[in-house]
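What follows is a single structure, written as structure tokens, with notes after it.
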């Protein structure tokens, strides 16, 4: 009988059992195919890490070139999200925005058109948690399970397989999700019910943006007041101003090595992406009537930066944006 | 000859030598009297720590009661800053604001009226660095030395003698200043020329206020989106949102022990004091034409909090200020 | 033939002609029944003004009491939006928010379930213009016409019939809409394609909020600097600071008569409503990636005011919110 | 006796009478010399308007070229402010900033070195009202009278003689001041005690900046939402969003003629000058502990604009600053 688990897809008994008790069977059936929808900058290396861990991946992307590249690496490519859902009962989606996610799940050729009962659908897109909740409802109606699992960490972390996943959904399903997510990330954190994964990510990134801008302002003001940047960073980092942006990702060129500020703000986490996440934070704040004056101003600053030529630079370039001097 | 050091002011030889090489003589004459002006909440315990370390302290405060209390503890009290300057060639000042500092140094009975050549004047007040620079110029004209050395840490740290001093002034004088400051603080950091001590403190506190408000917003938004506060704090602290306000001084009641948020925001660093420091940051930013949108908004938020009954609460009470719900 | 207009629905000839040339027939058939959905604080007096102008009104509201009250005034009440659409080919909707509007139009018993071809559907709700556009698309698919026509002016203006309507939609239909809207408003402005009515209202209210807060700040600062409020208002109003909030609706008690500030900020345009409109402005700005730093901060200020007990006060109470002094 | 007034300075009797009742004599002695210090962009045409009205002007400027140019136009030039004060008992000062004003009044060759008792000193500079008050005290000590009278209106208005003066000081002296100021301005407003002239100007300009930015945001958002700029301006101007910036000085190119936005934002009121005035507003707000969140953000926006190449453009260029689109 253990062979069932080795080649589960060929086993009729297994399929029958799955219908009886799908959740249980999923957990047992480790190496059944895994669906992956969205093969962009992040999705591509994530899906490849699943392949590396021995999972047969059936994939889809709206751009044929993305599919082609992925197919060449030995994976199977489908014609639509629905087709992926027909072949795999565990699917990961990694999409750029809420409308894309809605389309992939509920569209004319969406996952829900052919999703199997008991399937586990994990959305790693960063979207409005209210949309995650709506998707979860629609998925539940089909007898399947939805979890939101947005990531923190960029393309590099996606390649290295050390992303952080913040997961929201039914707690009993967390282990099943974790099995897959650990192939792509080094940190998989359970955050609570559906939508809380998004919430955790959004809150973290909002605080990140705020403390980054704060660090940039404090460093810039200090420098203009005659302080040496390295010394000021050292003082802040041993004091109450210390934060990740000051001690790990300092935005001032010359203070640290190996960070975007040391490389003309190339690489890292792009200003447009930060602006997008801050826009999501604003939408959740508007919907929950939560005052977020700093989150709101951070959104505006990154929006202005996008319009002033910083769209593709790392978000720590806010230092450069603020330091520009008059009469230069 | 040791008696020289016990009652140095009566020793002609000592005075003569001082004129020859005042700086050197100060360094040698460890336990000559030290002046202390400003015996408020902070100044009082600071001066007492000097006494504990064996320094004869000659003190002054504008409020007779403050002088009386200090005199009762065995120290000598003078009638004016000028009189202090007549008796001591090392003086520490700890005053509430720029105008007080200007008065104490340059007023009709100010230090400069009777300051001795070569004296070391250390101002631990938190004031506009531009005022520090002006005081330094006036002091220099009299042949004495001025250093700014504002502190971080509150009344508790002042009592325990573990304040942090950020020191600006001529580097050769730093050791002389440090000798005294280490009696009152555990950290004495040299920041650069006159005014940079103030600059370092102002920049740190501005970043502190910004990341505190950011933490309060992120925690509040997360809670409204369904996240458990402790879990959210844990996630932030292992992610890029991490900062001193989130991992050491979390503003949300129930997340940490031993911080003001666990004690109805009593104790700690008062909102009025934070508002004052942020006002100084704004003034330096205006004078140096430095954009500080977040420092500016932080100042406004703490100003509004002061007007809404939070003046005496710890500055982490911004969480409470923001969390209040509509229709309650 | 005039009877046609008195009991138009019983007239076969009329119905037949409508099918041939629905838009034209609508314009001719002045006093055919008009549907009205949403009988709240605003909708109720608006619908009554239609009745006063001789239009037979068939109405619906989700709250039975609202229907009852309206029925007592002689109008006909239906069981659902769909039933209204069955009886009237011109319908006005006045609903509190986007989800309500979506439900009334596209819900299980929504207008679109029974809408007649060529019907004119006018939405006077203040909602996201993107939602207006979606509704317009759905309405068009059914062969009917949708226009957005949000109002400016409060309950008083609704009763007096002098609201301002900002209308978006196909220009050829504007006259047909105007015929009805002039019964309820003194100003009916054509703004452009669908959604631009909402856009105009949102932009106006955003600017209104900004200049109101600006006026409150300027008046408050001036008063603290020793200026007499009436004199300051006079100076501003003859200078470049002049705005509607300073010259027509001054927020400082004692400066003007007959405005909410003269009556403890009662009546007028409630802070919650302003916060809602500013939230809409933020959503449109996020979606169009438009930087609106002041609109954003205005939203935050009104959000904080809602949480501090100002929810039901007129939005000019921001003066009171800002003027509160420390130590009071 | 009328000759006294024609050549009053040569008349001993007049001088003697002045000592008895200086204020009265000044008022009578219309065409005695008037001092003017500060012959910059504004001061030069202002002083020339005094000359045109028949006043003998004795002038001073720190820049010799400025003096030369003025001398060529027939006026008399002195070597220092003190020398001006020796020759004229009515002096107008028009200086770029607080430190300049302090120097001109209290410096080594300042006015106060030789000011005559009973002289009337009018400062038209825009400076911190707290500095005005200090200057007033110093002037009073010398037995003379000080008034602050900052102007609104730019170089054009200075040339045309239709500036607006906002005057602070003892009310009994207002007529004497008005006599001179009406030669240079069409509006002379008495605001209250010393410093209130500055206060009125600062408050007006703060509100102006806020409503200008608000207008720019509202117009920009409306345009992106599909509204025609001219139509939107028309709607705002007949609604509650109306303000001077929308109806008289619209920042959107193509909406109005004869304003800086119609001329690539050339001319008008420069962004640097607005940033300076907003900095003054911030300083007064800090000193009076007044919350001014919008004034504060306006200062930051204009500060950032200065650093992004808008320093010399009219302040309505904030529309251009905000409208820049991503990916262009």
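Every chain is named by a letter (A, B, C and D) in the order it is written, and numbering of its residues begins at 1.
By our rule, a contact is a pair of C-beta atoms (placed from the backbone, for glycine too) under 8 Å apart; a residue touches a chain by one contact, two chains touch by 3 or more.
This structure is a prediction, so every number in the text was calculated from the model and none was measured.
*Asks:* If we look at chain B and chain D, which chains touch each of them?
*Replies:* A, C
*Asks:* Shared interface numbers for chain B and chain C above half of all numbers used, same, or below, different?
*Replies:* same
*Asks:* If I average the CA coordinates per chain, which chain comes out farthest from chain D?
*Replies:* With centres defined by C-alpha atoms, farthest from chain D sits A.
*Asks:* Could you work out how far the Cα centre of chain C sits from that of chain D, in whole Å?
*Replies:* So the centroids are 44 Å from each other.
*Asks:* How many angstrom lie between the CA centroids of chain A and chain D, rounded to a whole number?
*Replies:* Whole-Å distance between the two chain centres: 55.
*Asks:* Based only on mean CA positions, could you tell me how far chain A sits from chain C in angstrom?
*Replies:* Distance between chain centres: 39 Å.
*Asks:* Among the residues of chain B, which are close enough to touch at least two other chains?
*Replies:* Counting only residues that touch two or more other chains, chain B contributes 289-293, 297, 304, 306-307, 322, 326.
*Asks:* Which residues of chain A touch chain D once you look at their complex with the stated criterion?
*Replies:* Touch list, chain A to chain D: 272, 297, 304, 306-308, 311, 322, 324-328.
*Asks:* Within their complex, state which residues of chain B touch chain A.
*Replies:* Listed in rising order, the residues are 129, 152, 164, 166, 187, 189, 191-193, 195-196, 199-200, 202-208, 210-211, 213-215, 217-222, 224-228, 231-232, 235-236, 238-246, 248-249, 281, 284-285, 288-295, 297-298, 301, 322, 326.
*Asks:* Under the stated contact criterion, what part of chain B meets chain D in this complex?
*Replies:* Chain B residues touching chain D: 275, 279, 282-283, 286, 289-293, 296-297, 299-300, 303-304, 306-307.
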